[in-house]
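Letters are used for the chains, namely A, B, C, D and E, taken in the order the chains are written, and counting of residues starts over at 1 for each.
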């Protein structure tokens, strides 16, 4: 489904429901900025797009095949951009990455996606508010959209960071064997997020260093801003990964310490029980001449010495912190 | 065996069975695109190739020696390309890498290989379909062939990825000691795949940044596409390697946890059995004056106290999750 | 709250309490250097700043949103700099990073921060002392401020380094399980410090290599000096991180060794007690014909042999260092 | 000892035993290519070389001090190259690296070495065979020599690779504690090989990218070939190192698994023996009223119950794979 | 204390005890090369230096603050160099790094240090010997000094390497728990050495690639030589670090193996002693009808069966290498 909005920069008016067929006509007037948002595209839609805007068949193919890597490709007259909106959903905080394909021309923006993208709403709202700046063409519109997507990564990373703080507390506190599964699950999330962001950072870096014939100089500062946010997201991800590595190390060390403790406890218990059993064993010997056996309180004395030996060992082992 | 196909761009006709001897003649007409596919080459074939196309003896030597690293080398008038087709074969999913040598000239493509290459069939089919674009010379043909090879890596990596998901489930679920062998085997596969792809990515990067006198500008966008796929494959491999590292770490941690559990169980069982044995030991002592020994239900009482002590310890150890 | 100081380079006099409203007037005279220090800024303050100095709305936004990454951004006519002052506070040496935003123009410096920054006092003092050099404009002033912040990292790192020496001694000496928590806490501190410094180093490197139209050549050597200090801080952090990694490794090894020791002790104690118990068990057998049982000193002999066996094993195990 | 061979490119004749004293005379004729091979050089030889060819005293000093790092240095009029021939010798496959110093001028090659270098024989033979190409001067000769050395690394690496396959089999098969020593020894070998190759790769990369006034364009393709082989060797070394790391990880995991197994066995054996002993202990108690004691087949019954309990536990533990 | 030596290149004569006050005069004659060596400098000395040579106050400040990082800074008319002489001192081979500050101008060299530097003696001696080359000004003198310092790292690294060989032997041979402390101590030494060398290597790399207005082309080859030695030292340090990492891994593996052995021994001893005790336990039972108890050699038979069972188990466990 193609829904097309057109902003006339001269009259500052929005035409919300342009017909796809009118696009080529609207594009003639340089004062117009056109945003065609294609949801759940059919092959018919792709043909129409290719025809109206003259997109290269390779970029159309990339658009049709899902799971492209995030990228910015330059074709003659337009940029083809692939990026991912990220969200944690469901009870287990599954990470959902929603692909968004963008065709960015001098005065048009075409967005293609099969699942709903929240950032499109945000960008559309801001676009209507920022009309005083909108004479800068489709570049500013692209900025609003991409920035909305990139900025959405930060609260998500804050959430991950909170999880990690909990995890860390649990490792040094009430130890749980399941922590390792959580560490593993966060590690995977960070890996996917990183994969969705880092390529964009590198491409934007190249774009900003290059001559840009399509957009005017004033738009450049906005792309600089997106780049800055991309670096910030990428840096945060790297920091979180680094800290997760430390958490993992801490987990292993604490796990080792706990093993040590278990071993000490085993040794302690063995020592105590074996010593006490030895006394019982001694008085279980069958020598005819064992004075204690005939003592009136021999039995009590034996039990007593068992308790004494047991307690003494217990106190000692408690003191050296083996129990 | 050399099998030569020639496309005449003017008449859009294919001549499937040209004679090797006619190649030099056919090459004169710039409208012709020649594809010479050499299977299981003899030294006689190499001589013929060197003679017909004027290949440098160093590139011929590389062609003769197997196990070259993947590369793109520029000789005067042609590129010499080495790449590998990948396939998982046999019951144990052995990774097979089949070497393909390509000589790519302005209007000819020579492919040399000792084992059958699936991508050659794919490329040949598409070549016959795409005749409307084939005026772009041998460059487009090379694109079809290389892209077919590179794209074949992706389903293979999906398979590896599935294996890894199973592995991961098994590590956190029904733990098997053999998992480590599987991790190791996947690691090796990824290492070989990476070795077959990464050098190509780097070389294509250099090629795309350089001035290219051999191919027209329109072909450039196709090589950009191959490069994009190469990056995607390389990125996927790196991500899988990264995740395999995490899986390995998880395996080690889980393994450590299991050790911990075994130790706790050992300690628990020792504690219970030793305690109960101690009671038996006590009533095995030979004191003349041990009231319990004469009790009517002394024996029952002893057995009962054993059961009580044993159960009490068991319940306690169950509660603290040592058993 | 905006507090503005103005230095007139001709008369070498400071005007401590300029009105914000006069700034645009003062800026006309090129001999004036203006420092506007904005503490705990209100949105009213931001509007004033944007108006007086003509700051881009994106840099103002960055200023309003806390937790920016450290950076130097070039806008037309001024630099926007974000950096962090570091301090260890409280009984647990919590690391506090205080954000400082700097707008640096040809002859003005605007500092924006919500928490008090010690380095501002230092810089202000030096500014008043260095009047003989102050004809170099706002660049020198920026140097004084940034250098004060960067130099404050070094004593803090010395403190961290001392902690690590203690930690290391404790690991090889009186081993404590808590060391791992300390290692982890230092690791996090270093990670945050590194994150606050490394981006600045990279940006300064770029700045120093670039053409700098805003500041004269003589100021360049001062920025070179700041860059040198940034490298030194970053290098020290990296060295400390490297050493902390070694400390962690040492901790794990020592921990492994201690486990080994515990195991040996367990084996030793089991061996001794089981052997001695065996003797008791032997003389607890009920054979009718056991000569020792009738010996006059049979019991003493049995006890004696227990002690001898026990001591012999103890001496032996002591010799091979298992106890 | 200096042995000098001179090839006259015009007459295509070799003069095998030129006198060192004639070198300066021979060098005048540009058609001559001179190879002076200096074995086990004396300080007299060095003086002669410095005099005849005008080598800089720093390169002569490098030549005299052994254990230089592999390098290519450009002096005015000649290159000074240091590289290492590698061989596995002796029963324990000790790695021997033999240093070779090369002075490479426009039409001369001086090789200096204290130990015999196999590649010199190979290069000399090929030189005599390739006379039809030898008008390309000393560059081609250098190619033959360096390529012979670099190519010799590959069979050696194949050997190392085979060792590693054996090692890997042994780790997953009949486990040996000594494997770790072998891993360590291979690791060291790879480290030394890498150190001998990687610097050369980097230097050749720089050389190939630079303007090369000494050698004609046609020689360039040969150096490209050497570079390609260097990359291949370096890549193989890196792959082997990577795989050795995996092998090490596998060793540790398998070692951990074995520990786990030993622990389980200990627990199993303790459980069985302690349980059975408990039964014996129970019937060793001295209660006056213990019906079983008076049973006719009490003893048999006791022994039987011991066997039953022991067997039951054994079967159970076998089923859960603890034994 | 400033001690100044002046070499007149025309007369080739040294004036050993110039007065500091004459320096500015001596500098006028371009044929003079002046070396001012400042030991244990006072603030008076620094003032004098600043005055005579016109050093920038920032470089003087760096000189006064110890613990600068190794660096080469370019000021107008001179280089400011900081490097460290390394020595192992004392019974525990403590690593001592002695800071040396160098101001290097066209025809003067100023060295500032608070502790005695051995390399200064070496350089002074060579300077007096090399008068025939000294017309190349202060650059050659700087080469002599820096090269003396850098070359001194190599024997020190040889010493470290020997220690590591010993360590490695001890790990695979007579295992000592203390090895870990030694590994740790060497690791720290290598870290400090690396920190003292690597920055210099990078700076020299930049210097050699740059245009150098201060020194003539002939001096360049000497700096190239210093750079080569720096790389060699840095490479050696990296190789040693790499090998130390392997040693650490080997230590951990061997330590794990030893743990495994201890566990096996514990299991073995438990098995033997428990089995034998079980026999004693059996004959300790109080059944009225136990035929063996009445046998004449029952006791002997029991002891004998204990020995047989014990020996059998011992032999078996010896065979499977558990004891």
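In this section, contacts are C-beta pairs under 8 Å (C-beta built on N, C-alpha and C of every residue); 3 or more make two chains touch, one makes a residue touch a chain.
It should be emphasised that the depicted structure is a prediction, and the values quoted were computed from it without experimental measurement.
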Set of chains adjacent to chain C and to chain E: none
Separation of chain E from chain A in steps, with touching chains one step apart: 2
Whole-Å gap between the CA centroids of chain C and chain D: 41
Chain centre separation (chain B, chain D; CA means) in Å: 25
Residues of chain D whose C-beta touches two or more other chains: 252, 256, 259, 263, 266, 270, 274, 277, 281, 284-286, 290
Chain ring listed from chain A, with chain B in second place: A, B, D, E, C
In the complex, chain B residues that touch chain A: 168, 172, 221-222, 224-225, 228, 231-232, 235, 239, 242-243, 246, 249-250, 252-254, 256-257, 259-260, 263-264, 266-267, 270-271, 274-275, 277-278, 281-282, 284-291
Contact footprint of chain D on chain B as seen in their complex: 56, 58, 62, 68-69, 71, 73, 75, 177, 180-181, 184, 187-188, 191, 195, 199, 248, 251-252, 255-256, 258-259, 262-263, 265-266, 269-270, 273-274, 276-277, 280-281, 283-286, 290, 292-299, 302-303, 306
